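In order of appearance the chains are A, B and C, and numbering begins at 1 in each one.
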Amino acid sequence: MREFIRQYKKNKSAVVGFFIVLILLTMAIFAPFIASHLPADQNLADRLIPPMWEEGGVVSHFLGTDDFGRDLFSRIIYGARISLMVGAVSVGMSLSFGLVMGLVAAFYGGKVDLFIMRIVDIMLAIPAILLAIVIVSILGPSLINAMIAIGIVGIPTYARVVRASVLAEREKEYVIASRINGSSNLRLMFKVILPNAASPIIVQSTMGFASAVLESAGLSFLGLGAQPPTPEWGAMLSDSLQFIMTAPWMIFYPGLAIFFTVLGFNLMGDGLMDVLDPKLKDK
Amino acid sequence: MSDVVFKINNLKKYYEISLGLFKKPKIIKAVNDISFEVKKGEILSIVGESGCGKSTTAKLMLKIEEPTDGTILFEGKDITKIEGEELREYRKKVQIIFQDPYSSLNPRWKVGEIIGEPLKLNTKMSDKEIKERVLYLMEKVGMLPEWYTRYPHQFSGGQRQRIGIARALALNPEVIVCDEPVSALDVSIQAQVLNLLLDLQKEFNLTYIFISHDLSVVEHISDRIVVMYFGDIVENADVDTIFTHPKHDYTKKLINAIPVIEY
Amino acid sequence: MNLLEVKNLKTYFYSDAGVNKAVNDISFEIPKGKTVCIVGESGSGKSITSLSIMGLIDEPGKIVGGEIIFEGIDFLKLKENEMRKVRGRDVSMIFQEPMTSLNPSYTVGYQIDEALKLHQKHLSKKERFEKVVDSLDLVGIPDPREKYGEYPFKLSGGQRQRVMIAIAMACEPKLLIADEPTTALDVTIQAQVLDLMNILQEKKGTSILFITHDLGVVSKVADEVIVMYKGHIVEKASAKELFTDPRHPYTKALLHSIPTPGITKRKAKLDTVDDSVDYLSFPKEIR
């Protein structure tokens, strides 16, 4: 573990990524303590106030307010919760299904493999956003359904990553040794092979967080994800489009939040990739 | 009169390589109708060069693969079709040591787990009892008890091979198939592992089936030698005869090819 | 008459864990037309030595000291582009894994031709073709004209190794460095390749630096033997002297740990190289 931390620290941008994610987590967990207002609190008297340092800004609204007088800063802070939840749920879903599919396909091979991978191919043939839109349209626009849609759309990628990783390990002698010693197939898949196939999956999951946040922002932007007054950053972007000339801060800061979140997770994923892959290959 | 532990009859393993939808598949005769015996307490070596079928034979005997035809009698019973409880009993008695010390141990498990796995899966021993036995085995193969919690990557090739040997001994087998156990090791480590294998054989009354391509090693430890060439057995005799009066041309060729230190 | 003289060569590897003195002050000579074997186990520094001579040491390794004098020129003082002219023309190298040393995407003939194009620019295409066919013939590949257009995957391990030798010999180098060339080969093929190398040496007068861990192979090809242990040379002698009268304790331990039909007793305990012994504390045996 110590060795892992040491290696990880070598990549400066990866460390930056880690801290960004840490800040995000802090924002999410301690939102009620950090934010100055509640995200849904409207105050129509204080609509469209610019950020504190600009002309017309007030101290009580650090980043200004939106067209309903809601504090932008607080909405962004609480938005972190949503983004993290989106990431966790979507990745969780994609990973659970993708893991099982990839494991079973790689382990059993033959017709099972062919069958599962054809399903994966079909899913991959449809553009992700399109598929997500279709799913949300069927289920109805809401944040939860957006998360489910993103989760479903992500399954084939995880299935492929898991499959490739497991295939590489499957023929190794330690697997044969466990099989000879009487290990059941289930145990072989999860206890013997999976720990050794984990690194690419971990990397994919980390980066998957980033794409989930981005996709959720996209869906919300289209009105298919989070519904008002939920402070989801993408939804905030779309709601604020009409104010781009008059109140640009309403677009800029949520956009910045999305940007940093995606950056943070991607950098972290990159860093993990560097550390995990070559190290565990044959020491 | 030593008992016959293994009796292999007309064993065949053919592989089909598909050449496309419309062509007849190519057939590779990895093991092509071989028969031989293994006596209790002896070291029988199977030698040959790459592609001769010796590793495939080992896999068939361990039931890592199924034969295309033929029978394998273990203590009088045909094991080619057994499964379930019978298979488990068989596996307790016949174990394997692999060639590659780097890929034959699970990189994510600790040494204790690796050696203890056969016990965990095949016996009703408690965790405490398993740990005791593992430590006992570790001592027998020359490993320090504190290595119990270490990971394979922290060890050298020779030490990893010892872990593999301890694992093979866990269930108190009667026969151990050694698949090129020293081929991947440095010369001096090779000597240590060979010495260890010979000591263990005496102490635990083991029968070894030793697969190798290295005739010098084979000459040193074997009682009898089976020479394979492209899936066939070309010669089967005791070690003396093989080296002093080889009959088959291929055997002679193999022996002549060994670079011997002559000054 | 020495073709190559290595003096006080030091090649170190730097990492977070410290400095690894892979080659730690070694000196030896390679006479013209002779075969010198460096024998040792993994970690002895034998491969690093050969890579140092070829100038193929990359980060995190560095040649930190010494001289490598080839026909009066110190390799370590040459710039990379000058060294590139040397490689392949004066000194060439063959490796252990013929599977990965040959480019699978190009034909055998093309790869030998490449070597000629680099170092013998004055030859015409036709002349080069004939030379390639000659070199395939020289290494004992049957039907060399047909084999010119073959891809490596169609050849056996032994044939691939022969092709490697053909590539290495194409420009008739003065020194051939062979790093465990037969370790991955079957014993009968190994015998053929070793014979081939001896024949080539006789025909072309090439000096050979042969790296191996197999003492049997050493006895088949070596004129001189260098025994390396943990970056140092512990014994140097002619092949005959080494095998009939080994002096250094490490050499002795190595010789006695190899099962040798007719010499070591069957099933007897083999001597082993003792990890606890500091073999470097014994005086070096240089003859």
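For this structure, a couple of remarks:
The rule is short, and it goes like this: a contact is a pair of C-beta atoms (placed from the backbone, for glycine too) under 8 Å apart; a residue touches a chain by one contact, two chains touch by 3 or more.
All figures in this text were calculated on a predicted structure; none of them were measured in a lab.
Note on connectivity: the fewest chain-to-chain touch steps from chain A to chain C number 2. The two chains most heavily joined by C-beta contacts are B-C. Separation between the centroids of chain A and chain C, computed from CA atoms only, is 53 Å.
Note: centroid distance chain B to chain C, computed from Cα atoms, is 33 Å.
The mean-CA centres of chain A and chain B are about 49 angstrom from one another, to the nearest whole unit. Among the residues of chain B, none is in touch with two or more other chains. The part of chain B that touches chain C in the complex is made up of residues 49-50, 186-188, 190-192, 194-195, 198, 213-217, 219-221, 239, 243, 253-254, 256-263.
Chain contact summary for the complex, chain B toward chain A: residues 62-64, 88, 91, 95-96, 98-100, 102-109, 117-118, 121-122, 153, 167. Of all residues in chain A, those touching chain B in their complex are 172-174, 176-183, 192, 195-196, 280, 282-283.
Chain C makes touch with chain B in their complex at residues 41-42, 157, 186-191, 194, 213-217, 219-220, 239-240, 243-244, 253-254, 257-264, 266-267, 269-273.
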